[in-house]
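Each of the next two complexes has chain A plus one other chain: chain B in the first, chain C in the second.
Our next item is the complex of A and B:
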């Protein structure tokens, strides 16, 4: 009987690591660029500690990033980003919760590059908005690289750009995502 | 027999566990919860207690970011009660031009020159403790300032033996402050000013004052500020008053404007603590503004690699 239980338990224990279902990272890079074409300086920030988890079984994908973690070339920009625009003291996190379309058709155990459609809800500055984009999944050596970029209208997220800086700060921002995810053992 | 029963129970338990497990996967679960949880709470500095490293006249608990330079142009106009004749004081202006540098997140230094007494001043400001959250955090920021002033006027009496050191003054200050909420900051700053030479023998060389400064944000880009120094020891019997300034900070994106009303003309600690000769009560108030423009002279570390 005991042997039988053990026998039953074996596949349960090893099912996860054998064919990893979930991939994750805590060091994903998320970029934010709101530079206008006329701006003499780049209005862009980078966050290198984004958390991303993906379930390959159903294509569910989620991101979370701390707004305070965005680093800008100029300290003053960072201050204004936090204090005046995204109000990181009130809304510390931005999150994306969505799905990779047709993820079940991708063999995550084989190396390869796949172009995928991603759709989901982006929550930032207390507002949630549906976003859709095309991204790339590169599977290599058991790791999954996820890359995507999309445009968001800042007014959709209740972020207003005062006229005084509108020649530099764009009313829409390009969000870029670059994550190298490793198998999640659970 | 007993053993078999127990085994069966375990088996049942294992199946139940399996079923709840697969049940979970079927749901639209929160994936982030799978990797969260083990995050250690991090110590995080409380930033942006003031829009500028100065409340109005006095130093604030805020520091310049490392690698930045703050170019400050300060103006103090004439007395409002002088009326239209002097365009409410705007006909005359006293100014100070200064350059402050952020060296570390808790270390900065600056120099400036005022038209008043042609005085040159310099300071160094260091915070051993900064308000933060998380483990080993501090509820307040504690900063120390040491400054020096150099009077540039010709000698009042060139006939007597004058010493270069007579032009010098020093000030030492501790600032203890806290950003209580996003909108409210308060700080106390005990200060000691030493003047090597005083105009009258009756005036003490050392003056001790307690400063009270604060900020109340009224919008994302505007705040009401106040800056008061109470001279505790060393106030001459007559003719001198405690400096009080009340102002409005406006941040425009590139600049911070600090508009205010004050009874003091001095723009360094020696001058406004020991030489304020006007009185709020009598309407001897002046309009003034500080214009601060921060330049990034070295790229931030975080963005470069």
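Our next item is the complex of A and C:
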């Protein structure tokens, strides 16, 4: 009888980590690239403290990032980004709330690579716009690696480029997302 | 005689001014970020009190701390390194989900790598705000952080 109980308990004990429903990270990387072919150099900032949560059951995915956390190589570029473009003192946060399509068909307990469609609302500079892209989910060793990039028109977010540099800075930015999410234990 | 005067009083000073402006633009354009370890902090706080302050009034705290240099003291909860080699120091109580998360300035990575969990340290960094999250715990984020050596 004791053996029987033990036997019955085994799947219960292992069920937790195997079927984690939510994955998260607080150290996701989000890139912002507004380089054009006529830019004299790369106009690129990286934020390495993005929060991301994904619910594997319904595919809900959410990102949050603090604008001031974008690091640019040049101090002047970073100041311009914060003060003139995204006005991070007024709009300190950017957010994405969306869904991974057909997430319920992915087996998150098995290693593998899946190409997925992501659609949702991106809020930046006080404006919300719907964005859609194709991303990649790599499941490896119980962790989920999420990678995606999408193009946003800066004017959609009410971000204007001063005339003086309008040919040096792209009218649209490429936002890249790269994060390794761990199972959320609760 | 007249020509010499023009050169002396008009052309030469003009050249000096142009050179000065060009030099200033060049310097400004190439300016790098100040090393946080060399900046005097605007505020000195403990991780717990900073989190409590942000938790009770985010707007007021943002006004007070945002873009300011903070020296935050607290126990090391975790030291994380991402796949590109960048470190983050997580300060706060292990019992609480909330923490002060400090992205370490890449030129100061070595100091972060040798930290031990549980030791009380001070980190100097620039406050980029507060990420409130009920599920994951709310965090105060510091960027370009350095470990502040005890004086």
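The rule is short, and it goes like this: the second predicted complex is superposed on the first by the 168 of 186 C-alpha atoms of A that agree within 3 Å, B and C clash if a C-alpha of one lies under 4 Å from a C-alpha of the other, contacts with A are read in each partner's own complex, and residues count from 1 in each chain.
As a working rule, contacts are C-beta pairs under 8 Å (C-beta built on N, C-alpha and C of every residue); 3 or more make two chains touch, one makes a residue touch a chain.
Remember, predicted model here, so these are calculated numbers, not experimental data.
Student: So, does A:49 touch the first partner chain B, the second partner chain C, both, or neither?
Tutor: After superposing on A, A:49 lies in contact with chain C but is clear of chain B.
Student: Touching A:89 in the superposition: chain B (first), chain C (second), both, neither?
Tutor: Once the two structures are laid over each other on A, A:89 reaches both partners.
Student: State whether A:64 touches chain B only (first), chain C only (second), both chains, or neither.
Tutor: both
Student: Who does A:162 touch here: chain B (first), chain C (second), both, or neither?
Tutor: A:162 contacts chain B only, not chain C.
Student: Which partner chains sit in contact with A:76 here, chain B, chain C, both or neither? Use first/second/both/neither.
Tutor: After superposing on A, A:76 lies in contact with both chain B and chain C.
Student: Of the two partners chain B and chain C, which one touches more residues belonging to chain A?
Tutor: For chain A, the partner with the higher number of touched residues is B.
Student: Contact-wise, after the overlay, does A:24 reach chain B, chain C, both or neither (first, second, both, neither)?
Tutor: A:24 contacts both chain B and chain C.
Student: Kindly list the residues of chain A that each of chain B and chain C touches, one partner per complex.
Tutor: 22, 24, 26, 51, 53, 64, 68, 71, 73-76, 78, 89, 184.
Student: Quick check on the complex: what are the chain A residues that touch chain C?
Tutor: Touch list, chain A to chain C: 22, 24, 26-27, 29, 48-49, 51, 53, 64, 66-69, 71, 73-76, 78, 89, 92-93, 180, 184.
Student: Residues of chain B touching chain A in their complex?
Tutor: Of all residues in chain B, those touching chain A are 3-4, 7-8, 10-11, 14, 18, 25, 28-32, 34-36, 44, 47-48, 65-68, 102, 182, 220-221, 251-254, 294, 296, 299-300, 302-304.
Student: Can you list the chain A residues touching chain B in their complex?
Tutor: For this pair, the touching residues of chain A are 1-2, 4-5, 8-9, 12, 22, 24, 26, 45-46, 51, 53-55, 57, 60-62, 64, 68, 71-76, 78-80, 82-84, 87, 89-90, 95, 162, 164-165, 184, 186.
Student: Could you please specify the touching residues of chain C with respect to chain A in the complex?
Tutor: Residue positions touching the partner: 28-34, 62, 66-67, 80, 82-84, 86, 88, 101, 103, 126, 128-129, 131, 133, 135-136, 139, 141, 143-144.
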